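First the structure, in the form of structure tokens, and then the observations on it.
A, B, C and D are the chain letters, set down in written order, and residue numbers restart from 1 in every chain.
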Amino acid sequence: MKFLSDNAAKVHPKVWDAMKAADAPDSPYDGDALSRSLDDRFSALFGRDCAALWVATGTAANCLALSAMVEPHGAVICHREAHIEMDEGGAPGFYLHGAKLLLADGESAKIAPEAIARVIDPIRDGVHQVQPHAISITQASEYGCVYRPEELTALARLAKDKRLGLHMDGARFANAAAFLGGDAAEAAGEVDALSFGMVKNGAMSAEAIVFFDPAMADKVRFRRKRAGHLQSKGRYLAAQILAMLEGDLWLDNARAANAAAGEIAAAAKDRLLHPVEANEIFLISTAVERLALREQGFEFYDWGDDAARLVTAWDSREDHVSALARAISAL
Amino acid sequence: MKFLSDNAAKVHPKVWDAMKAADAPDSPYDGDALSRSLDDRFSALFGRDCAALWVATGTAANCLALSAMVEPHGAVICHREAHIEMDEGGAPGFYLHGAKLLLADGESAKIAPEAIARVIDPIRDGVHQVQPHAISITQASEYGCVYRPEELTALARLAKDKRLGLHMDGARFANAAAFLGGDAAEAAGEVDALSFGMVKNGAMSAEAIVFFDPAMADKVRFRRKRAGHLQSKGRYLAAQILAMLEGDLWLDNARAANAAAGEIAAAAKDRLLHPVEANEIFLISTAVERLALREQGFEFYDWGDDAARLVTAWDSREDHVSALARAISAL
Amino acid sequence: MKFLSDNAAKVHPKVWDAMKAADAPDSPYDGDALSRSLDDRFSALFGRDCAALWVATGTAANCLALSAMVEPHGAVICHREAHIEMDEGGAPGFYLHGAKLLLADGESAKIAPEAIARVIDPIRDGVHQVQPHAISITQASEYGCVYRPEELTALARLAKDKRLGLHMDGARFANAAAFLGGDAAEAAGEVDALSFGMVKNGAMSAEAIVFFDPAMADKVRFRRKRAGHLQSKGRYLAAQILAMLEGDLWLDNARAANAAAGEIAAAAKDRLLHPVEANEIFLISTAVERLALREQGFEFYDWGDDAARLVTAWDSREDHVSALARAISAL
Amino acid sequence: MKFLSDNAAKVHPKVWDAMKAADAPDSPYDGDALSRSLDDRFSALFGRDCAALWVATGTAANCLALSAMVEPHGAVICHREAHIEMDEGGAPGFYLHGAKLLLADGESAKIAPEAIARVIDPIRDGVHQVQPHAISITQASEYGCVYRPEELTALARLAKDKRLGLHMDGARFANAAAFLGGDAAEAAGEVDALSFGMVKNGAMSAEAIVFFDPAMADKVRFRRKRAGHLQSKGRYLAAQILAMLEGDLWLDNARAANAAAGEIAAAAKDRLLHPVEANEIFLISTAVERLALREQGFEFYDWGDDAARLVTAWDSREDHVSALARAISAL
């Protein structure tokens, strides 16, 4: 019974169907009909002009998005535990040609304007110190917590005041949107670019970078090719993304994963390291307790010495989820 | 009737089957059983120790392979019309941190030791000029021509003498191997790393980088992640590659494409800009002739003012091929 | 009797005096009074608004200037034998994060709009090929030849039409300006940035980057620091530059070097590979002839098998120059 | 009465003399006799084989030294307040192609093996996290504190155990060596490369990078050129360095600066934020007190709200130093 990560989940049958439906020759790269329809599809979803590019990974999505906002001699402010800092093998340094990440603190891996100010206010103006060019936030955060619309508004205001780009790592954007009620625009706020995660939520190998400033997309098209991320059979990536958007499959899948997490969280009320707002549960537990869970067949990661990380996915089996909830209650 | 490129061909049914068969949760990234079997599978194919990594594109494969051989202050010698120079949007500059491509000449986009010597011999020793670190050749070449084993041996000897890495861009490696009789080891010669193309030959989104020096692979694993090319559901890429190798599907597909090209070439004997040894035909033709072909429903690219480029693929329809051969004969 | 290069010449006494005069504590970096006066000084010289930065080398000047015009995914068009291509150890690749040099042809290492068009016109629009972002020309050229004002005007028009930045490598700008009559503005034409060489012409360790668009300078200030080129005792560099400009020392020195070259050229009329317009003579000569010259004590470089390169400097001794002229006449 | 920084101090008369003595044509770049003597000179000083390169700034020295030890996908561990992190405008990111700085804590900007372990031990093995490749320490530290020989030994042992390069930023190496008794080898310990600062200690524009592994120097020679730091009149830089070493001028100057700092520190015993071991005094003081000092003509920087930073130099005037000591006593 796997609760290790949502990043190895199966591919949703509708995504398979869409890929198979794309299995006829069309123009290569992003010249095919499916790829060409993405801008409109996302513009409709967000209710404002978007330009959207597919890429194969969240790391590429994050770094390419940031490359439109950050000069090589600049910096990105992010949470100390952000994926771009902790888990991308230095990709921001590569894509941004040595631009720096500046690390802010905040509960549950969320950052507030005050935390950002604490990082950037002491930076002396001038060439001796790296100047901030953008902010990157994660929705839902690395601890599965969700920025509320008013929090996003405050961050956007700060970004505007300080003339910083604003990027959202949405590896689990769908889970956040589902938590907030299902409105994509509300969950994104006024960011300049969104890495809209699909892979953890039922796709195989396609993430979308959504630019709310189309000029950014034009620049990034060159950078995507230059990074070797312009696949020749792009139609299979576009097909995945369109399938996820079709009939709100992205929300349905996220709701399923969130519901599973909610069931587990309800059984673990006094043991939660962070509020469970998406599909991750950080369970306060002893090594003995974790061993007990593992002996019952549950797979998950330790989170330091005193907690476990449990992740549900769109395809988490109900019987596994219930079993886990019971097992936790019984600890 | 499309003869535009093999890079937008369909995905082979056996590749689909293999991907579907991989549709169960397994370890993420390249920790799954399929990905872990690649080294052995390629070692068996080439009859020597290999380490193999999947990536999504040929551009990424080429550049990551070269990154193991070339320091940022060095250079790669390649043909003036090599894909890495002409069609990768500057990716080598990005991946190699500004290392340079040094351009050599040669018939049919192949380079011989003498051509390489003409490029590197005038380079003054010392820090004022960029020093060569590697050679990159393309098998089959950008004009669909194939390096013979003795040519590869001579290149490997030069590389060894000059202490240069030797890389092979094998976007159409299968077509070259098929032409040479089907022995992968013979078609690769003594290169240090091979970009083994799968996408043009029936896969969807997986190429293999085969390192004949496993230490190179260890370095490149970090660079693959850092470039955002380590997909979380890597098993679907590994599955594609394994399906291509299974039962020599890679050779069967290449033979089909080569045979189709051969049929067209036979009809175009006096009009060939280059010998047809793989799946590309460069057809000497006037604008009027090309218009005539297009009016009959054939799609292809102009190659300058006086030629057309026609590419067959594993899935070229026999009736289309025969029709094209007839149409060319009738010009 | 050294005619090897002007790059190892002595430092002019007035430059020494100016450096000594700066030998009192002042603000570090470029905050001192001398550094702060550069913008005005160059604005007066060129008769339009300039922002000027000092750096220690021509390579740094060229690459930093270009970094304001060229995105990492772009390219610079330059002559095949330009210094940035041939002699800077790959610095453009480093400073421009892998942007590419596109090589144009032209007599005497000068490039004309037609030559540039031959390079850029075949570039397909789109992400697969590196797009040009700037042109770099050398005044005087690597063969000591000078762009005339009307040639500069034509190049500026092309740059404007194609929305390309225009950079001038002026390692020997003074020699070119002297040849043209001494008007700096005329010798620079409408370039966006000029690497104004001082070191070959009597300074010790200071070159000026002159930006005719001050916004470029603001960006490059960050890049200069980031490249480790912001010296803490910048006043000694500013002092050198100001001394060179004071009383037109830059022109006097260049005229001396040019006159010396002219005297030698007059003695070598039928042996000139290129017109002598600055301070370099490319002397057609056999190996035996060059040996003869060397046996008389003249030091210089071979230029291929059939020529010698002889360079004069501001401090070339008259007796050495006359002796060389006589020796060439006597060959 | 300036106590702002040692980085804008005058140039020592003996350095001037040495530069003037070098004012005759010699081979360009580092081919002159002076530059070629550096390896031997430093080998004698340190009692082991060294290869030494001149560069113009400490930033370039630090980053070029590190570039020999750190792959683009790696990281450098340094103190949170190290110059490479705080004051070099992101130069490490540029020179190391996006490699990362990992920040350790420690009293007085010194780092101990335990602090380094706290940074690197949690790093998961594998490609998802940037792996450390080198450690950089500062001697004397950014707070003017000195690593003792046994501390250096412990750090070298850790570096060896973990297979990390070890770099020393010695912008104030002379002050540290003077504090320790004057033995350069002892003050450097077993580092792989040392940025041996000269500019703050009486030189004009030359720092030395001393490599204790000459193979590193060979690599860095290419990188120095590529960074535009290979000056054509290198003999003037070599002359400065040789003058500083001649007759232990480097130690005499450092002793003068340290003595001045000691005199001030003695007057400020109860107000010292850090022990005064080199030429920097961090004086605990109120805003009112600092105003009082400034009104008496002393110039210095605030260090946060509760302290002042006072820096002495080789040329600090005795009367100024005594006046400052008296003024502090009288606060």
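The rule we apply is simple: contacts are C-beta pairs under 8 Å (C-beta built on N, C-alpha and C of every residue); 3 or more make two chains touch, one makes a residue touch a chain.
The structure presented is a predicted model; accordingly, all values stated were derived computationally and were not measured.
Q: Going by the touch criterion stated earlier, list every chain that contacts subunit A and also contacts subunit C.
A: Common neighbours, subunit A/subunit C: B, D.
Q: In terms of C-beta pairs in contact, which of B-C and B-D ranks higher?
A: The comparison resolves to B-C.
Q: Tell me whether subunit C and subunit D, two copies of the same sequence, contact each other through the same residue numbers or different ones, using over half shared as the line for same.
A: Mostly the same residues form this interface, as more than half of the numbers used are common to both chains.
Q: Where the CA atoms of subunit B average out and where those of subunit C average out, how many Å apart are those spots?
A: Roughly 42 Å, centre to centre.
Q: Using mean CA coordinates as chain centres, what's the subunit C-subunit D distance in Å?
A: Roughly 34 Å, centre to centre.
Q: Counting in whole Å, what is the centre-to-centre distance of subunit B and subunit D, each centre being its mean C-alpha position?
A: So the centroids are 50 Å from each other.
Q: Can you list the subunit A residues in contact with two or more other chains?
A: Subunit A, residues with two or more chain partners: 72-73, 88-90, 93-95, 97, 127-128, 222, 225-226, 230.
Q: Residue numbers of subunit B touching subunit A in their complex, please.
A: Per the touch definition, subunit B meets subunit A at residues 2, 5, 7-11, 16, 20, 23-28, 32, 55-61, 63-64, 88-91, 93-95, 199-200, 204-205, 222, 225-233, 236-237, 315.
Q: Could you pull out which subunit D residues touch subunit B in their complex?
A: Touch residues, subunit D against subunit B: 71-73, 97, 127-128, 131, 219, 221-226, 230.
Q: Within the complex, which stretch of subunit B touches subunit C?
A: Residues 72-75, 86-90, 92-100, 127-130 of subunit B touch subunit C in their complex.
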